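See structure below.
Order of writing sets the labels: A, B, C and D. Residues in every chain begin at 1.
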């Protein structure tokens, strides 16, 4: 279990490295090596670290622990084939982690990042519509039942393509450099993570690796089905590359516009869910 | 003062690491259900990792104010 | 839809008079998160927000006065308890009560902040939270009238009649008004307030009640 | 661009009240069109209204401060349900036995069906509801004293 957890961290960071590399190549830069994010995590862990003088100490340290803890829990729920609702709960609560990172230091840049993450909370809602659409077909939100359903009826990707697109957008909004990643845009220095340097950032990198692994794994499991681990890893790399293309070819939206676009997508999805509900 | 803090961090990392190992052994034995082992990981893994990092990190400076742009 | 296929099978059902409190994997994980962040609110000191003085290279850190700190910490803890209750309760009416408690605590957390923007936003939010009680309790009353019961455990068994869709929509809208997860404008403005451990409870509680109402709506 | 115009409207926090009010009214219109909703006859908390009584909406029937006839959801969990006094603390119990002034106004506001359920069967709800009032009072008094 702990071995798998560490593997997930490393592989998730590798995916983020591939993401950076692909974006760089699209923009005709050489880009960092693909294992750059793993090296980052190790490098940060050796750096001199302290808690800023103005920070709210317990919260400052506590959110790092919470961030790693919740995503480990999400990984275990995913592996056990538990309820998809729990994973989405954790996904939503990652917002709170971002707020905690941003607000606890007292830094104005962190504050901006935190406030933006509040603004973008509205972007999490397309997710629930896609969950509702999935539930409409499979009559269950247990991942194991969804996998069973797909073993009989074929991948949900072809049955409910729009729900898959909504979920894809949700994952896109959590990828760095994407059109919806307003919480860490360049004018905010590093957004919510500005003041979490050194060891704290290393902890955040672990959380990011886990988060990427869990989200990609979940997308493939929910919309394609249970496949052998090697195929799963290959699929995750493919998904990452497609996300990198989406990120590289789209500009970052302004904060409120990003939310409006996502709300409009939610509206479309609601209509889609209603139509499917009437048909089914 | 500084070494005392480092010792404490190392002790904490060791304790949580030991808990992780004990949880693994008990789970393999069958005495601890999988959920229990996972609960141990969720609580101990973050503490273990952060304490380990804080223990092996470079020399510590005094605290400073946040970055304010210049 | 089956209860067990949503938030997992309840580990344990606590009998609490005429109401049940149930611990499914979903409710327990949400409850634990509310608990952890309430502990942060109890223990953590507020941060001192750094501000740059305009036109110079000076900066200053805002201090939170002791009186204000005590009041806001009290409100944050109350908010934490309210969201913990809303996570675990297995009764529709009890759930709506906890949610309106969350709404009013959210206003209370920022009510003590001396900042015009924050107070204006909190005022708007307070009015929405007040008016949201109409659809919220309306939905609870309609559920009682159309199904004859308020217990979620009874409602997810197929013995009771189905809850009309519009009633579920009223419930969700009521929760949205109280927690204002999508009505992000006022929340973002309220986040300007210093005092991270307390301000975070605002956001945490609204996300939690939103997550719980999804489960409730799918179950009943 | 239409997107920018929409975001300009919804990013203003002065607009959330009209937006919310609009959403509520739309939903209420939908609710009115979906009338009549089915009424489930076999209610958990039955209520008989005597239209001839001068106390019409508040007339619960039976002598006050004794047991009300109710069907509770889990009778095995709450053997004393129905007695208004079943939630009295020892001190209140003492007061109620020695004076006549306890519990006179407990349902003296227009609450409807839910309140009647609340005060006769559901202890936790009573606590939460008073907590809401208490918190509201705490906020108001803090703001008043701060001036």
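Here is the rule we go by: a contact is a pair of C-beta atoms (placed from the backbone, for glycine too) under 8 Å apart; a residue touches a chain by one contact, two chains touch by 3 or more.
This is a predicted model, so every value here is computed, not measured.
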Comparison of A-D and C-D by number of C-beta pairs in contact, larger one: C-D
Middle chain, criterion being Cα centroid separation: C
Mean-CA-position distance for chain D and chain A (Å): 41
Length of the line joining the C-alpha centres of chain C and chain D, rounded to whole Å: 19
Centroid spacing, where centroids are CA-atom means, of chain B and chain C in whole angstrom: 32
Chain A and chain B: spacing of chain centres that average the CA atoms, whole Å: 24
Chain C: positions in contact with at least two other chains: 50, 52, 61
Sites on chain A at which at least two other chains make contact: 54-55, 66, 73, 105-108, 259
Multi-chain contact residues (two or more partners), chain B: 65-66, 68-69
Complex contacts: residues of chain B adjacent to chain A: 20, 24, 27, 34, 37-38, 41-43, 45-47, 49-50, 53-54, 56-69
Residues of chain C that touch chain A when the two form their complex: 1-2, 4-8, 25-26, 29-30, 33, 36-37, 40, 43-52, 61, 181-182, 184, 187-188, 191-192, 194, 196-197, 199-200, 203-204, 207-208, 210-211, 214-215, 218
Chain C residues within the chain D interface of the complex: 15-20, 71, 74-75, 78, 82, 85, 89, 91, 93-94, 97-98, 100-101, 104-105, 107-108, 111-112, 120-121, 124-125, 127-128, 131-132, 134-135, 137, 140-142, 144-151, 154, 160-161, 164-167, 169-170, 173, 177, 180, 183, 185-186, 189
Complex contacts: residues of chain A adjacent to chain B: 1-2, 5, 45-55, 61, 64-69, 72-73, 76, 80, 105-110, 189, 194-195, 198-199, 202-203, 206
Chain D - residues contacting chain C, complex: 10-17, 19-21, 23-24, 27-28, 30-31, 34, 37-45, 72-74, 77-78, 81, 112-114, 117-118, 121-125, 128-129, 131-132, 135-136, 138-139, 142-143, 146
